[in-house]
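One chain, chain A, links the two complexes that follow: it is found with chain B in the first and with chain C in the second.
Entry: the complex of A and B
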């Protein structure tokens, strides 16, 4: 016990460590163990079988769900990155007054603290068959019949992802941009670079880690999502998360656990690539 | 900054301002739409046009048989949010203090906390659900969901605390100790007031993230729903603007909390500036 009195850090960090141990490490270990179990309609049967994985990895449903999920992840990532970068760039380099800058920044981040489900639902009166977009377009005679793919489609899913997660890009990229020495931008312009050259050869490399942090958030949130996909696609699209969720509701826990382990490995591989670009402690 | 520089930047100013304004409309427009639609008349539907104006759907919310267990789920969400908020604030403050010294395993724990933040929520939800099932505990919003929420709020709290202590000027503390303050006095009278604004921010995150959390609650809430679960249930079986009324109320509630937190942060900073006009 001597190290406890010598360094109070151990005592101070205990609550955090306990939460991580009890509600992160144990549950993940449980998932890994249960993924090798057998099950029937009523109960889980402790065992060591590979059938859950065998079924999962040879099923065409899994393959198409992964392809769909990667499609959602890459598309949402590209759009949130472009949009988030533009917004952050505007806030960081075009707004001179620090007060206005803070106000606009808060304006961009407030929705993060409100309900995601409500924010998804709120697209329904806009995009539905008789929604505002369709009725407006019909009124001005741009279309004859309502556009069906606005709601309950892949379009709606990606729109919702962009709506929900762009601020995960704005915040870290803005944070990186605010640390850029303004003289570098002026030097670049003085040296004859065009505005676009300055952005892509000076600003982008200097906010590489902000971009990486935002990307980590967006990609992992989309990869593990099930609620946005099922709500906004109206059950028409199946992502990896939706498959796991379906198995959970059928009480096929070992199958769901195997699905979760494969998802976890996929996400970890993607993270290990993205974490190469940053030193997270330096960012704070 | 020099004037010619400003003239050069004006080039992109107008298109970028337009993009920014459109982005803000994109962020808030849909929510504003359901806020308007929640005032539909009694015969109004889920979309425009408005069929008169009324508070009909807000009244419906409080008639229990109409929309499930709205009152109960709201109470549970608020209680859970408060508990998560308090634990997030205390635990991340303690951990933030701990990380000012290096200690064994510190790096591992830090990275695990990050993993906790970015691990797909469905994994946490499923894992805690099965774990409770296996050890023979029945999941509850006050036990398993509480833990699940902490895995989401604590990383944010810890990251904010890291940001605070990275910028913290240690000479204030050194001065207090030089003047004979005990370590508790130093913390209570010097460190705590300095980090109070950030701590209010941690509280705001802790409460609102828990109050709105869905994915990590799904398999961990047990028999009784929290508010987001109740709302999700409503999306499949409620086809009246009562859903929008609920959405509007809960969004208003979040906005109120955010404003209260921002105002108190501002007030703390202002009173400090008044007390010590020369310090930064």
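Entry: the complex of A and C
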């Protein structure tokens, strides 16, 4: 008791610690344990085997799924970063009236009022073989035959990711841009820097934390996704998430758990690399 | 099978079942009426009118939770059950994988499982369901022989795969061991079954389709689809590979590792050449793929074809030379059911077989497991169109009253005996299931 009164911070941290213990550490520990179990068509068999990992780490399917997932993650990250930065920059530096700024910012979030599945599905009639895009292009005689790769392709998957996740870039970058002292920009221009030099040598370094937070959002969301990939690729591509989901639906929980553990480790490594570049704690 | 055989068959079917059904059909209806009266009286006055069934007034308070695939989880059925029996039926529709998962992992979340036979083979041994005492079912003898002996008639051959009768019975009340011949203990009461084939867009394929291999025709590059449910998809793939002359299977329903490898190789090659537009997992996806013109030939389920046609788009459920891939479903009891709830469940299952539901399902293009009882609930024209493969005399209506076909239309694939007699293989789960699923994942990820 005296210990607690001497260090009230322990008491303060207890609720959060309990929540994390119950809702994060306990489930993750369960997944790790189950990943060593055995299974057959309809049952989990408590055991301690490495077969799940052995198969996972030696299978060519895992490799190709990871390559595909990295491809999706990196491409979506690059595009959402470019778009997000541009939009945030425009909002922060070009719009002068704070009211208009808020209105436009809210406007950015409007698509998020509907579920992300609906936002995804609504692309399908647009991009299909006889969809709006193809029929319009054909009507104005730009193309003779419908473009096939618009739907059920990697293009469609990345389009959906960009559509879904750009806002996650806009918000934190906009937030850090708003905190940049405008005098610094002025000083930079007075010192003779061009607009581009100002952006890359003043604005970007000062937005690092926003960029990092946005990147964490986008990369982790894409790495763990399965529904966008299976819907927009028409089931033709498989990301790591899709493989895990397939295994879950076939009652192969231990194999799925092993897949989840490996994915978790991969994403943690990626995050630790990101944190190497940017010390978020310091920047915030 | 010659025409005469078929005629004999029909005669057999009607001769063996019709007289009996007349009697029990009547007594059954009498019973239901009486139960209704008793229920109503109990409700109105609080007094029981001396009807011998003591639980007749209690059963209306019983709620049974049934879940299963979308095909037979229909609100109309729960409404009618409420009307006839007074029980509340809560329905949940899930996809096949989710159904299998739930039977095993959440045994207390349901009272009645509506599952397919191949799922039953996987899940029944988990011990979360109880077999049914066939002597408690008045309509047991109305169930088609297909589910008892596996033979549509005495000299028909048993198709490959998980034929329903092989997992239809267990050895005893507490057993999870499937019996090799009919016993008193049934795992599932068959409710619904059908023969599946490829669906085509006759307006877009531009040539007659006669074989499973036609889906691999380079002319349809980027315009085909197969279903991405491994245990069913592999069957369609096997039908295709066998039709191409690439592989000869000993048993498509239980492939060896070499056969699985060879099949997946062919699929992978076709995928890398861009033969497939997409893979579908759910009913709606297949309807959308077909009606939007994304694909012109694909594996399909019968009501999906009807759904495409209902949009005014031509679509045909094309019979093929090699035969059909069949599937069958049934309802079974959860292990935890006992007492009054168990009685209600038995009553419900018996009612399910008594004809109204069968007729309802027949009108959707499925087949009911007790054909003779459902015949009573259908008009002669309906029976002729759906079951006998005769041209429709007038409008054929869907169960909800929409016009599906007009006079002169003939069902794709013809009569019940033509279609169910040409089954090449039943949906199944293989001994090498784990290996097959891994290879299938490889194909999807390739």
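Following the convention adopted for this analysis, the second predicted complex is superposed on the first by the 255 of 284 C-alpha atoms of A that agree within 3 Å, B and C clash if a C-alpha of one lies under 4 Å from a C-alpha of the other, contacts with A are read in each partner's own complex, and residues count from 1 in each chain.
One rule holds for everything that comes next: a residue touches a chain if its C-beta (ideal position, glycine included) is under 8 Å from a C-beta of that chain, and two chains touch if they have at least 3 such contacts.
What you are looking at is a predicted structure, and each value in this text was computed from that prediction instead of being measured.
In the superposed model, A:94 lies in contact with chain B only, and not with chain C.
When the two structures are aligned on the shared chain, A:197 is found in touch with neither chain B nor chain C. Using the contact criterion defined above for the overlaid structures, shared-chain residue A:235 touches chain C, although it does not reach chain B. By the touch criterion stated above, A:223 is placed in contact with chain B alone, chain C being left untouched.
By the touch criterion stated above, A:82 is placed in contact with neither chain B nor chain C. After overlaying the two complexes on the shared chain, residue contacts for A:125 are found with chain B and with chain C alike.
Note on chain A: of its two partners chain C and chain B, the one contacting more of its residues is B. Shared-chain residue A:186: touches chain B; no touch with chain C.
On chain A, the surface touched by chain B in one complex and the surface touched by chain C in the other have residues 124-125, 128, 130-131, 248 in common.
Interface residues of chain A, counted against chain C in their complex, comprise 40-43, 55, 59-61, 64-65, 68, 124-125, 128-131, 148, 151-152, 230, 233-238, 242-243, 246-252.
By the touch criterion stated above, chain A contacts chain B in their complex at residues 7-10, 12-13, 15-17, 19-20, 22-28, 30-31, 34, 83, 86-87, 89-91, 93-94, 96, 104, 106-108, 110-111, 113-119, 121-126, 128, 130-132, 135, 163, 166-167, 182, 186, 189, 195, 216-217, 220, 223-227, 231, 241, 244-245, 248, 253, 256-257, 260, 263-264, 267, 271, 280-281, 284.
Residues of chain C that touch chain A in their complex: 97-98, 100-101, 104-105, 122-123, 125-126, 222, 225, 228, 230, 271, 276-281, 288, 292-294, 429, 433-434, 437-438, 441-442, 444-446. Residues 1, 5, 8-9, 11-13, 16-17, 19-20, 23-24, 26-31, 33-34, 37, 46-48, 87, 90-92, 94-95, 97-101, 103, 106, 109-110, 112-116, 118-124, 126-131, 133-134, 147-148, 150-151, 154, 158-159, 162-163, 166, 204-205, 208-209, 211-212, 214-215, 218-219, 228, 231-232, 235, 243-244, 247, 250-251, 254-255, 257-258, 262 of chain B touch chain A in their complex.
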